[in-house]
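The chains carry the letters A, B, C and D, assigned in the order they are written, with residues numbered from 1 in each.
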Amino acid sequence: MEGVVSVGEGDALVSQGGGVVGWSQECLLSSRENHREDTCLSLLGGEVGGSRLHVIAGPCAVESREQIVEIAQAVKEAGATGLRGGAYKPRTSPYCFQGHHEEALKWLAEARDRTGLAIVTEVMEPGLVPLVSAYADVLQLGSRNMQNFALLREVGKSKKPVLFKRGMSNTVKEFMLAAEYILAEGNPNVMLCERGIRTFTEETRNTFDINAIPVLKHRSHLPVIADPSHGTGKWEYVEAAARAAVAAGADGLLIEVHNDPTRAMSDGRQSLTVERFASLMEQLRRLAPALGREL
Amino acid sequence: MEGVVSVGEGDALVSQGGGVVGWSQECLLSSRENHREDTCLSLLGGEVGGSRLHVIAGPCAVESREQIVEIAQAVKEAGATGLRGGAYKPRTSPYCFQGHHEEALKWLAEARDRTGLAIVTEVMEPGLVPLVSAYADVLQLGSRNMQNFALLREVGKSKKPVLFKRGMSNTVKEFMLAAEYILAEGNPNVMLCERGIRTFTEETRNTFDINAIPVLKHRSHLPVIADPSHGTGKWEYVEAAARAAVAAGADGLLIEVHNDPTRAMSDGRQSLTVERFASLMEQLRRLAPALGREL
Amino acid sequence: MEGVVSVGEGDALVSQGGGVVGWSQECLLSSRENHREDTCLSLLGGEVGGSRLHVIAGPCAVESREQIVEIAQAVKEAGATGLRGGAYKPRTSPYCFQGHHEEALKWLAEARDRTGLAIVTEVMEPGLVPLVSAYADVLQLGSRNMQNFALLREVGKSKKPVLFKRGMSNTVKEFMLAAEYILAEGNPNVMLCERGIRTFTEETRNTFDINAIPVLKHRSHLPVIADPSHGTGKWEYVEAAARAAVAAGADGLLIEVHNDPTRAMSDGRQSLTVERFASLMEQLRRLAPALGREL
Amino acid sequence: MEGVVSVGEGDALVSQGGGVVGWSQECLLSSRENHREDTCLSLLGGEVGGSRLHVIAGPCAVESREQIVEIAQAVKEAGATGLRGGAYKPRTSPYCFQGHHEEALKWLAEARDRTGLAIVTEVMEPGLVPLVSAYADVLQLGSRNMQNFALLREVGKSKKPVLFKRGMSNTVKEFMLAAEYILAEGNPNVMLCERGIRTFTEETRNTFDINAIPVLKHRSHLPVIADPSHGTGKWEYVEAAARAAVAAGADGLLIEVHNDPTRAMSDGRQSLTVERFASLMEQLRRLAPALGREL
């Protein structure tokens, strides 16, 4: 990375041979100018970033062995290729349920054994990267940790595939530069995930930044995953936002599904029932060919 | 509107028979609780709000007779049913081009005579409603005027179809209550238009609030039009955002098209060439049937 | 304004003698580069923009003759030099109280006769500028109308002093360029008013942009007034925000005061009682000399 | 913490004896309802949170032994009681200067030995809490880490005084609940720091949320520190914002000062020279008594 110079916080200009150049020039590993072809990751039972759409579904939190196995079987049947579920939960309040930790990781592994789904679960601190990696197929990095640089470096060293979520008030530039912390440690297996940003809107929990999907595809060669569950925050808008994300060019979706949303320990308001999830998958199956994709 | 009471600025609770109720109850004319069926407007050569998608295309500003006629013929050929073009332009600076005013209205009328396209053009002040109505098929109300209540009332009295744009930092609630100013004057012909909101993002001019489309369809019976040109502010992202809007449930699109974007007097950065517009229409023609719509 | 060229919506670059220059260069009438000295307006019983702080106080809406006279006498006694009160109210919902119109203007005039306070009241549409000007000492332009260009031009032609409020999501650049619409019509008597912007915050109605005060003083020679009532939206925070505005360099304050806030027809939540207002004035009287100002 | 229940992500309602109550009730350790008196921390050569204002000044990054000692002596002479300076720097890009790490901590300790100033420096990962604690008087937690819960818990266990910065798009509610992670580990020595939020504004790097100061003082018993350097991002506005913060009720200030801002390795744009810092301290010395404070 010769010639790269620091030019002040909040700024990421880099210099090559003396001249100051923009932030997304070829010296950035995530930049499309550096790597024209789409990067495809081999995981989730296939290639992410190619013509096939991937859907990762499951509950916000792994609540019990029975819950996660039941949901895994349902989403598998509907066509999902990945299973999401939190073992370690980042909660706004320390007095809220924080996850079942290693026990939940074991239940996730059992769900994989039974269904063949790839396991996607969040890791929240550097010290837990080895433990979570031992169970997960994909490490999820959450919005609150988009600029937790020690964690990014540790995940970079692990070489595990990463589902990397944009922070709720971070620009695309900051997002790509944060991904660079992972890539620069030698881990190229990064999926960028748009999950909604914080704005003044009241009717939805976040504002799903649909523009970010073509912007990221234009700027970067990495696969782009969309999370319409957090992007809207209300289950009744998830289907519309999911279709929109695919139409805008997303390579995959992350969808919260629960077998009993009204009793979910977290995020019930934005979780689809398994029936609605199956219906969404049907919609996507009709939509994909019109966009040159398959599901 | 008996029983409606005032309860302070920024609030819109209404009372019926003594009890205070929410803002979108059946007493609001725009509310779906008041009118379960979709409202379809007969204009633009068909029904807006039904199964057929409508596309209104054209330049930001009407620059000359030749320009508007040439663009009108091109977008008509590609499948548009409406022609947009500003005769009166709301400009941030008083020293920028403000439009060709009545002369431009006459050129728009000529373009309609030649193509059959419905004319959509902005009206910016109450005193000009009669003049603009004499030429236009649809009165456009711009973002900056979403809460220009005197203008809304005048447009309400005119009974002309209205393309009503959401303000760049207004909530859905404020948007629907502003529409109420038009509806309450006896004009039911209102199309709600999402055109992007102002946020911290840097890569696009606005943040296209894709969530607003299903939210508006859920809350209101009025047709919803999307403006991905302002929603993104860069032509290279317009196609993705347009596809997304349709996938999310929009009833129509408003697209800026110019015969020579690099020389446009305004908004060239977000205008499609006529060739790209034709390509977008092809994409939408493939997409619509997968969504139960036609183009 | 020779040599000024248009360069696209949202942009305000101007050209002089061929070169493109920035938006706040000497060709802008509001710019400090064009006019190094502070502009002082002779009104409100003195000079606004000089060393003396001015406080304009009163209710959101003029509710009755008795109400406005009582409040006028109380705020006069506490040291205010201006009386605010809405005769025409911009309301989010058409079903809320819209003001007592000309009758309220007459009550305001009576309050001026009794107290000597300058009358500051909002005008919302071009056609009403002559009527409101006949009663008011200062025309207030509200946030929703910051880019109501027809109204700005009409107020510019009137030559009346103007209290010009920043829009809730407009940049300083847009604010100064909108002021230019008034100045360019030959009316130099403009006071710029910061009143809070719309953000994601929940605890206050708006985010009072304290930074805008030194930015406006740096960029422009016009007086700067602060409105901590709308800036916070809750009476318990108004005193702190008012002190902060003065410490940041504001030339005056606009404060909502009501004789019975719990029964106010609008904005009661952010209105000070007359007792609290008197207490705030005491605080400001102690603070002003430490800042080289007087009250 | 009996009776506290989890009710979904993003929410922090707690239950006592069955009824669901608001988020800032007496069961929260940081809440003023739980602890009516102001909390004063004994550090920085005195009590923070009492009548005396405290000013923590210094460079963004510790660049060299000479630099930090020179700045320390200058800010001490001007009246500062704390010295800030980053040994570990959170940088948007991995290719920018990341700090001199333990070497910088040693230089900070030397600066303390020479001046008596309390050392305030950032810790960015759980594993470094013991090392940074060995040198620092106050652990700074940066904006990007406001919801880095593993780090918060570790800092909570350390019992060191903490300067806790609000995240750039977090609400006051989220900020107080994040502080709860530290307090719940048994560390009551927390200072809450407002440092500006991310909005649409262009003229300043952040929007300094002056409202947050009285809101935090109202909601919590913890001392409140303001950071006008990050709050504005431009040195020419720092003095105005600093005065405003004190007028709004802040218990102290955090100010970036550099001996040669144009050559600073980071944040030069917002750093005061030592001369301007001395001038600011003079202004504050005049201001404090008018607010019932001393410096």
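Note that in this section a contact is a pair of C-beta atoms (placed from the backbone, for glycine too) under 8 Å apart; a residue touches a chain by one contact, two chains touch by 3 or more.
Everything quoted here is computed from the prediction, not taken from an experiment.
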(message) Counting C-beta pairs in contact, which chain pair has more, A-C or C-D?
(response) C-D
(message) With centres defined by CA atoms only, which chain is the most remote from chain C?
(response) A
(message) On a C-alpha centroid basis, what's the spacing between chain C and chain D, in Å?
(response) 34
(request) Averaging only over C-alpha atoms, locate the centres of chain A and chain C and give their separation in whole Å. (result) 46
(request) Mind pulling the residue numbers of chain B that touch at least two other chains? (result) 169, 198-200
(message) Per the contact definition, I'd like the list of chain A residues that touch chain D in the complex.
(response) 1, 4, 6-12, 14, 23, 27, 60, 89-97, 124-127, 144-145, 147-151, 168-169, 174, 177-178, 180-181, 184, 198, 205, 264-269
(message) Applying the document's contact rule, which stretches of chain D touch chain C when the two form their complex?
(response) 169, 171-173, 197, 199-204, 207-215, 218-219, 231-232, 236-237, 240-241, 243-249, 286-287, 289-291
(request) Can you check the complex and tell me which residues of chain C touch chain A? (result) 198-200
